[in-house]
Structures are given as structure tokens and as C-alpha cells.
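Please find one structure pasted underneath; my questions will follow.
Chains here go by letter, A, B, C, D and E, matching the order in which they are written, and residues are numbered from 1 within each.
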Amino acid sequence: MKDILKITLPLVVIFVVAGIIMGVTYQHTYPVRFQAEKKEKEEALKEMAPSATDPIKPAGTWTVANKAYEYYEATSNGKPVDYIAETAGKGYSSYIKMLVSLGPDMKISDVKVLDMNETPGLGDQILEKSFLDQFKGKSLSQIVLVKGETKENIQAVSGATYSSRGVTNGVKDAVQLLVDKYGAGIKMAAQEVAK
Amino acid sequence: MEATTIKAEATFSGGVHPAGEKELTAHKPSIRAAIPKRVIIPLSQHIGAPTKPLVVVGQEVKKGEKIGETTGFVSAPVHASVSGKVVALGNFPHSLGMDVPSVVIESNGKDEWVAGLKETADYNLLNPDELKKMVQDAGIVGMGGATFPTHVKLSPPKEKPIDVVILNGAECEPYLTSDHRLMLEKPTEIIEGLKILMKILGVKKGYIGIEANKPDAIESMKKAAAGSPDIHVWPVKVKYPQGAEKMLIKAIAGRTVPAGGLPMDVGVVVQNVGTAEAIYNAVRYGRPLIERYVTVTGRGVKEPKNFIVRIGTPFAQLVEEAGGLTDSAAKVIAGGPMMGMSQYTLDVPVIKGTSGITVLPKSEVSTKSYGPCIRCGRCIDVCPMKLQPSLIGIFIEKGHYLDAKDYNLMDCFECGSCTFVCPANRPIVQWVKKAKKELAKKKN
Amino acid sequence: MWQHVLTIFIASALINNFVFTRYLGLCIFFGVTKRMETAIGMSFTFTAVMLVEAVLNWVIYTYVMVPYHLGFLKIVIFIGTVAAFVQAADTIMKKVAPALYYKLGIYLALIVTNCIILAVPLLNADENYSLFESMALAVGSGLGFSLALIIMASIREKLELADVPKSFQGLPISFVLTGLIALAFLGFSGMITL
Amino acid sequence: MSNNVSLGTLFKNGVFGENPVFRLALSLCPAVAVTSGVKNGFLMGAAVLFVMTMTNVTVSLLRNFINPKVRIPSYVFITATWVTVIDQVMSAYQRAVYKEMGLYIMLIVAFAIILSRAEMFASKNKLLPSFVDGVGMGVGFLLALMLLGVFREFLGKGSLWGAQILPGKPLLIAIMPTGGFFAMGLVMGWLNWIDRKFFGGTGGGGGGHH
Amino acid sequence: MEAPAKALAKEQPKLIVSIGPHVHDVESTAKIMWTVSAALLPAVIMSVIYFGMPAIMVILVCLLTSLAAEAGMQWLLKKPITLTDGSAFLTGLLLALNLPANAPLYIPFIGSVVAIMIAKQLFGGLGYNIFNPALVGRAFVLISFAKIMTTFVAPATTFMALDAKTTATPLVLLKEEGISKLLEIYHTKALLYRDLFLGNRAGSLGETSVIALLLGAAFLLAKRYITWHIPIPFIATVGILTWIFGGKDGLMTGDPILHMMSGGLILGAFFMATDYVTGPSVRSAQVVFGICAGILTTLIRLKGGYPEGVMFAILLMNCFAPLLDRGMRSRVFGKAEAKGVKK
């Protein structure tokens, strides 16, 4: 009995102390981490819709490759300036997570890659501006991947065709979604103008 | 060629095809070598215990007189091959390497047989034990090269009944033609010898295996065997080492000698054709084994020939009788080029196991050093024992004897096929011999 | 669902092989894979333990840690279960199956301080895998690791005999060799996307 | 080891003589995994340095207090505690890096190098030597990782600590899995060579332990 | 092994003493290597015809670098320098035939250095390397310079230069766009096959001309320098599997002929999978080696992220060669029987 105590008592003490140490660290780091995550997301969204003045709020969720993603409306004093959707596309060795933002004219205003795990030096060439900027100003029908020179469509990065295709597909899905959700309204508005 | 076309030639898997080179001597009838002025008769010409001398320097001896007595069962007596005077007792060079105790006899030219050789016309009335005794007293040992005392082979343990005797006339060694000539010149003697062997072992089946490149030998043996239904002559495929007993048994009897086992494990006794002939002479005329067929050949001698030679005749004399060495002669081999041992002197004598002397000219002697194994697998293809000589070689090269053993080093019977084909020129057989020695050392 | 499980299994065995693309279990890998018997014994033990650990920790993680927000304790808890399980396995095996114990017991000792065992539950937790997915990852990784050990053992046997430059004998050449194997395994890359 | 060796030697020993990666060949996984860049190498090294030192110190402090019967579990637990701490901190303040190498940070708990020092050294020595030993080993580890990091990042990305130095990417393979192993092997062999050449070492690479 | 002859009697000539066998087959390592190199000549010629000067440059750089690397490394390691054995030459040649003609010359250079220094000499040189040096060299540069290594040019129209226009290899097209696209370019299957057979297509130097490669292969088979045990099962497996699974519309709709003739399959199967050193030497193991290589090739071609799988397939199988040899060594003559006998 006695030596059992001798053995366990110290252990118990150690456990308690260690527990406290870890607890405290957690207490201090948890909020930091939480804030950081929140901030990262907000900033990412903000970049997608620079002209938005009101806080960007989720408008709903949708699923790509049976994972749930959100989409948002960015407004500046109530008037929609951009529609943003989280999306993903099957790349070479990973799913490429992205944000896509669409102007009221249903043309792409920006594409941003959040997360991917493609082969360094090959797949990760899709991060290069020269590739992503091709999407700006394109409309649903134009989002087609081609190998070789193109102005109309999206040109695959050679050596990274699969990754390029991943991005293109992801973007296409997102645009499709947003057009379905908001496109109709816009068309009406356009017709009004025509009359 | 009808002989060879009788049936698809039997054979084994693996093996190599070195140039036969037998045309040098195959067609030349064998001639009696001159009686040597002096013979050097080693007291051990066989596997097993050496004999102890029965003579002293200065003593007169007659042809056929016993000069070395056995000291154990696995041993064979040695006899004088000429009549004359013992001039020396001592160590003399031996074709298997080291110097060994030998008796040197100076011939008196009379060449008279020792008294009391018993002729037996009706020898097939004798019983097996009497016959075996005669074989033993005649000092007969395997003449195919193994030089294993024959009477021992003829006394198998009870639990291993023998039902087949095979005469080995394959002569797969390149160059050598002594067995070939023997089969042409002494077919009936060989058949009689075989019958005696069969009687001693109480066996009904007698086979003679001959490589198909000797149709005439096959013919002559068939003729001689015509009268005896129990005896069959098999042409076997021309391939080295067809003459190795395990391979021959596989080819003819279709039996596989267990790894590490002996022919008697599958009920077979294999004897060289020369051995059979010697047995006949011993039983019929009571003559001990004092002479044998020897081929002296190769492009290193002026006139290659087949000889009938007294045991103890120095190589030098035979080479002279074959016209002498050519200027380019570079290597003298006791036996054939595949299994024979190269000699540093021509003073070594012919012994019971010497089937030939091959002399190679410089141009045919390779002095290239070996390179790394490129794992081409040729050696694996040709190894009749289905070993992996490549790995065995590498292991031994690096001193990993135990690994070599794991890869069945001990089953290698040193036929040299692997070494023959190796493009990297790796001396695998030498390594094998070395490793076996080393491992033996480790044991004791 | 089942297809995903299968995908995870194959992926973790070949494409994301622990040794060749995830750099896990290297100490063991370089430490003891010379004799084939050892390699096989280790493979067996590790795969088994990985599976058990995966299940054990999945239960704890899903039913205890997540509900009570103890995620931050996962390191302590996972290594705890590993240590405890190994201890238990050791004693039980000694009693129940001594024969097996003498074959594999020695390897158990190595496990506590080996990162692959711990990596499995950690990865599962990261990915929020379901029970079966977790098991697939465990077994897949286990077999992948076994594959690596066995290949290495067979090659080492050949390497023993090569005259490798002095400075490179031992670990350095093994690393280069592993690099080359990893190079070959790139052939599987892109075959499956997780 | 005992206390009569001077602290200086103790430190040098950790950094060179018994460098955990190149000499003891312990904890190889992170050495290959996180050295595709100098920065990652440094942060990983720092994390290990922290855990090693703290563990050594703790163990040394508690050495007369913990019953031998339960010492190994206790050491593991202590290590785990400090790893949890550094893990929490990194995940909060080094998010980008943590995304890449969080797993290996957590795995520090399984590094034999730490347990073996605790067992072999700290549990037998006073506070100061244990501290120095921990720091020595930790620094040795950190330097090894940075050396590999420099080698690989420069070849693979043409940059150092993220700062682009060469215009292009000379040898991509350097930052890929295979490159990691090559780098490790070549650097080890190279160090062996130097050792044999200039310090008369015997130079066959170390044994291999975690 | 040679011992100085000690002549005893004076009139005797100096005799060479050595352990037998005293006769030897005509083959030698050097002869084999150089002959295999010679067998690649048709492919070399074709590559020069199709890709002109650039091809010659790539080949030269590979050969020179390989030989230099071999000699240099052997010098560094204080080993005898063995360039005449031809293995380094052959490695260089095969590497060259595995590179695109438009590769900038530092690629053949780096490739050769890696092949000889790391893949071969570091492991102990000829006979000891685990992996096929040429393929290691290629894989290395492929990963390092994937962009260049995966962009091919069509056969040149002028001798001195290649037209800048890059085209995808048939396999890439097949994978990306399907057979229809190929027919669009080559009009009919017959024409497609003809061009593949002759080598009028984009691809690595040596892999393009099937006929040239088959010529060399036939020569080697006839000389027994290579045997059917690896190449035939290899190619056959690819044929069968691609026929079954290769079609876009259901099973059994693939185009085996196209698959067997395109990519590096012919070159790889006959000249690289057959490398003695890095493959198994037990015949039965070689057949397994071939079949597995075929399976892997097909798997990578159809499912993998990379249009051509031969290189990776062979490298992967190199890992398993020692294992195969170990597991499949044939039973020793009489071992089975030996169990029966008691000693």
C-alpha cells in the first residue's frame, strides 16, 4: 500500500501539473488560432470583392465532390457587387480548393486558390498569376481548357495539364452555380434596359 | 548413323558445347607405347588410404608383382608395370598436384610377368564374392577419372539394392578419345567385363552410354552386345558433362540421384568402360591393372596419338613418342581441358586415372583476368546441378562462405560449365574448390 | 463509401507510401531491415498494431475527445494508448502465445517510440475519417510499410556484396537507394486523388 | 556519461561528435520530411530544441522523485506534455508553416532521440548538465536540419529562407520526396568523407535508431 | 590465378599452370556490351533521319558525358578504368535514345552524370547497381525538368533545326483526346500504324521507329544476347490489358497494336528491361518480371497521371528483381529426391 502510494502519488502530481500547463497553453493559444482563422477567411473574401463595403455574408451551401462548400453575396450598401463561391476541382494528386467571384454581369472577376497539394514545380504552376488571370472577365461559355495558344478560352499550363483541368472544372462548377442562383435576375434587368 | 537415330538421344538439362577437337585422334588406332626405361609408380593412385610399399631399393621385381599393399578397405593395391630393379623410394611429382611417395623401377627390358597369374577360362562359374576378390586384388580403380576403388563400389550396403549397371562411354571431355578407341578395339572385353560386373552385383540390366558423336563406337558395342539380351547400348546427346555419372543416370535410367547422394541411392552403379575392360583382364587372365589407354593430343604436340601405356610412364616419354612439343606449346594438362589439371613438369607419371594428356599452344591459353559478374544468367542456364553459380561465385569472392553454402555450394561437382560460359571470365570453379576447403577447415 | 475506403487503402499503400512519400518510420526502416525474417516479423507486428491503434484511438477520439473538446490532448492520449497497448500486448502474448511472443515480442519494444504507429491515428483525426476509412488507412499504410521493409531487405542482401565507396557504406548508400526507390514509386503518382 | 566532462565539451559533443541526425541517426523522419526549405528546417529544429531542453530539465528535476518502475511512461508523458505546448503555440502563431509540417511537430513525441537522452542522461545528471546536454543535442539537430534545408531549397527552388536568389529552379527534384533522400545520403556521405579525410574518422554511416 | 611456371627439367619449356577449365567460350563482357550498342545502330540512324542535327548533339553529349563520368568516378575511387567494357557507352546511348530531340544540352549532361555516378558507380559499378542507370538518369531529368521533358516536337523538316511547333505524342493525344483525335491527324488507322512503325511521330529519339528497334532486337535474340523471357511477356501483357481495358467505350474495345507500338515499349522491353544487371537472372523470374512490368505499364498509361509508363514500370520492377531471384531460384538437381534419403 505504502509504496503503491510512493509510486502513484508523484505520477498524480505530474499529471495534474502537466494538465495545468497544457490547459493554460490551450487557453492562451485557442483564441489566437480562432481569430487568425476567422481573419484569414474574411480577408480572402474581401480580396475577392474589393468593392464590397458591407461585411460579406454566407448565402448558402452547396456540394462539390461530396464535400460541402459555402457561397456568399458581397454587397456595398445593400447593392450586390459580387457573388463568391467556395469550390474545388480534382487536380493531379489533390483536390484544389478555390474561391471564385462573379460580377453582376455574370463574368468572372477573380479566382483564388486556397489550398492544393499538387506536385511542386509541376502542378503548383497553376498558382502563377499568368494562369489564373486568364479567367478574369470570362463568362461561363468561355471556360474551356485548351492545350496551346488561346485568347477566347483557358490555356493549360504545359506540364501541368491535369492541375489546370482541375482548376478549370472547379471554376466552371462554381460559375454554373452562381449563374443558376443569380443569373435569372440579371437577365431580367438586362431585358428591362433593352426595352 | 542408324545407331544414333534409333531413339531421340537421352540427356539432362543444362550443359555446354565446347569444341570437341576429337578429330585430332579419333580415327587413329592406338599403339603400344615403348616400354619405359624407368617408371614412377605412385603408391596412392586412388581415392582413399595410400598403400604401404612392399619393396626396398635394389630389389628385383617382375611385371605384375604387387609393390604396394592396401592399408584399409577403401584402398587398392599397386603393382609393378615393368620388370626390373627398384632404384628409388621417395616423394615424386604427381599429376594431381603435390609430390607423393612413389616407387621408381628401372626396366631390365625383359618385360616378364610375375609367376602365378591364374587364368580362368570358365570364370562365369565363379561366385560373386570370388569375382569381387579378384577385382580387388588386381588393384582396379575407377578409370573415368574418379579413381575410386572399384571393389568398394561393388559392395553396396544391404539396404541399397542395385538393379542397374551403367558403363560410361560418354567421354564428353573435349580432345580425349581413349575410351572411344577402347570401345572400337576391345568391345567384347568390355561386354564381358560388364557381364562380370552384373554378376557380382546380381543385376539383370546392363546399359552402355555413348555420346552420339561416336557412331562407330556405338556400332561396335552393339555388335559385341548382340548376343546378350540384358545389355543395351544408349546413344546419349553430345553435351558436356554428359559423362558425369549423375547426368548419365538421368539420361539413361531416367533416375535422379538425390543431392548429396550416390548412384547406389537409386540402385545404379556406374563404371567407366576402361574399368570394365580391366575387370575382364583381371578375372580372365588374373592380370592386375598395370596399363591403360591414354590419348596424347592438342595442338601443342606434333603428332597427336592414342597409346596403350604402362602405369608409371612419365609424360615426357609419351610426348616424345607423339612427336614432341611444338614451339608454341604452353600448357600441359593431365586429362581433358574441362576437368584436367595443368602440370608444371613433364616428369609426372601416367596413373590409373590418367585418360589423356592435352597440350595447348599459347594461342589457345587465355590469360585474361576476370571482371565483375554482369548477372547474364548464362551460368545458371548451363549448370547441370541447377545451382546459381553467379551468386555462389560472388559470395565466395567476398568471403561469405556461409552464404555460398546456403546457395548449395556443396552440390557443385566442379564440372566447370559455368566457368566455361562466363563472359566476365569469372573463375567460379576455383572459388568453389577454395570455399569447400575453407569450410572443411572451419569444421575441424 | 466503400469505394472511398478502397481508394484510401490503395493510396496509403502505394501512392502515399509511408516510407517513400511520407517519410515515416525511417528509423526502423534504416535500422533493422537487413535480414528477411526480421523484415517480415516487423511487417506483421507493425501492421497488426497499427490496425488496433487506429480502431482504439478512433473510438476514443470520436466519443470522448471531440464531444468534450479535448482535441488538444490528442498527442498525450494517443501516445498513452500506444504505450498501454504495447505493454498489455507484451504481457498477454507472453502468457497466451509464448511461441509467437519469442518471434515477434522483440519488435513490440521498438514500437512505443516509433512515429508511424502514432501517425496513423493523428492522420485519421486530421481527416475526420470514419471507422472503416481509419482502418483502411491503417492496414494500407501497414502493408505499404511492409512492402518497403521487404524490398529493402532483399536489396540490402545484394548491396552487402557491392564494393560501395567507403564514405557511403551503411546509411548514406541506403538513403540514396531509398531515394531511387521513391523515384520509381513516383510512377504511381496521380493515379489516385484523395 | 558523467558530470566530470566540462559543459563545453558536452555541448560540442551534442552538436558534432554525437550529432543526432548524422552520427546517431536518430529521428530521421523529420530530418528528411521538413527540410525542403531552410525556414521549415529551422522551425522544426527550434521545436525539437525546445522539447529536448524542457524534457531534459524536467526529467533531471524529477529524477529522484519518479519511481524507476514507472520512469519510461513518465518520461514519455513529460515529453508529450511539452510537445503539446509547442504544437499549440505553433498552430497559433505559425499557421502557414504548421499547415505543412504540423504532423511532424506532433510526432516529436515519438523521437527516440528525446526519450533516449532523458533516459541515458537527464535521469542521471544534475540540472545544469542536463540542460546543456539538451541544448547541445537540440542545436545539433537544428543545424543538421538547416544544413539539409539550405542544400535542398537552394537547388530545388533557387531560394534561401524564401528569398529568391537564382532566377529559376535549378533542380526541382531536390525538394521532392526522392530529393530528400538523395540530399540526406549525399550529405551524410560527404560528411563521412570529410571526417575520414581530415579527422581520421572511420566513416561508415551510423547504425539507425529513431 | 596465373602461377609462374617453374620448369624443373631444363629442356622443358615454361608451362602455364592454372586451374581448369582450360578452354573458354568466345563471349566476353566487352563483346556483349559493344554488340548491344551495335544493335541500336538502326534506331540511332532513324533518329538522325527524323530529328537531324539536334538528335546528333543529344547523342554525342550523352556518350561523352557518360564515358567521362565513368572514367572520372573510377579515377576518384582509385579503381581500374574500364571504358572498353562498353557498359558506360551503352548506358549513354540508351539514355540519349530516351530523351526528346529538343532537350537543351544540359539535360543529357545532367542525366548522364546521374546515371553513371549515382545510379551505377555509387553502388559499386558494373554488375552491382540495383536500378537501370539510363532510366534513373531519365527519371531524374524528367522530374527536374518535367515541362521540357513532356513537350515533344514533330520530326524535323529541315536537317539543321527542329520546327518550333510542339506536338503531343500519340499516347498523350490518346489519353487526353481519345482515338478520334489521332485519326483526325493520321486520317486512317493504316496510316497511323505505318507512321508509328516507321517512326514518323513525336517522341523520344530512339523510341519512335518500331522497325529499327525490332531489327536490332531480332539480331540480339538471334545471337542469344537477350532471350524472350522478359520482352515478349512484357509486350504481350501490355497488348492484352490495353485491348481489354484501353477502350473508351467498354471492355475489349482498346487498340492493342497502337499501344504496343507507341511510347517507349519496344525500346524498353527489348533493350532496357533486358539489362542483365538490374533484372532477375533466373528465367522463370524473368517471365514474372516481364508480366508485372506489363501490368504496371498499362496501369500507369490508363490510370496514372502520366501518359507513358514503361520507364516507371521497369524502375519499379528493378526494386523487385532481387526478391524474384531469391524466391524463384530453381530447385537444385536431386534436392526433392534428397528428402527421401536418410543419411
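In this text, a residue touches a chain if its C-beta (ideal position, glycine included) is under 8 Å from a C-beta of that chain, and two chains touch if they have at least 3 such contacts.
What you see is a predicted model, and the numbers here were worked out from it, not measured in a lab.
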item: Mutual neighbours - chains that touch subunit C and subunit E alike; value: A, B, D
item: Winner on C-beta contact pairs when A-D is weighed against A-E; value: A-D
item: Farthest chain relative to subunit C (centres taken as mean CA coordinates); value: B
item: Core chain by centroid distance, with centroids computed from Cα atoms only; value: E
item: Distance from subunit C to subunit A - Cα centre to Cα centre, in angstrom; value: 33
item: Centre distance in Å when subunit B and subunit D are each reduced to the mean of their C-alpha atoms; value: 70
item: Subunit D and subunit E: spacing of chain centres that average the CA atoms, whole Å; value: 42
item: Mean-CA-position distance for subunit C and subunit B (Å); value: 61
item: Two or more partner chains touched - positions in subunit C; value: 72-73, 76, 161, 165, 168, 173, 176-177, 180, 183, 186, 189-190
item: Residue list for subunit B, restricted to those that touch at least two other chains; value: none
item: Subunit D, residues touching no fewer than two other chains; value: 77, 81, 84, 88, 172, 176, 178, 182
item: Those chain pairs that satisfy the touch definition; value: A-C, A-D, A-E, B-C, B-E, C-D, C-E, D-E
item: Subunit D-touching residues of subunit A, taken from the complex the two chains share; value: 6-7, 10-11, 14-15, 18, 21-22, 25-26, 29-30, 32-33, 36, 40, 119-122
item: Touching residues (chain side subunit A, partner subunit E) in the complex; value: 92-93, 121-122, 147, 158-159, 161-162
item: Parts of subunit E lying in touch with subunit D, wherever the complex brings them together; value: 118, 140, 143-146
item: Of subunit D, residues touching subunit E in the complex; value: 171-173, 176, 178, 182
item: In the complex with subunit C, residue positions of subunit A that touch it; value: 18, 22, 26, 30, 90-95, 119, 162
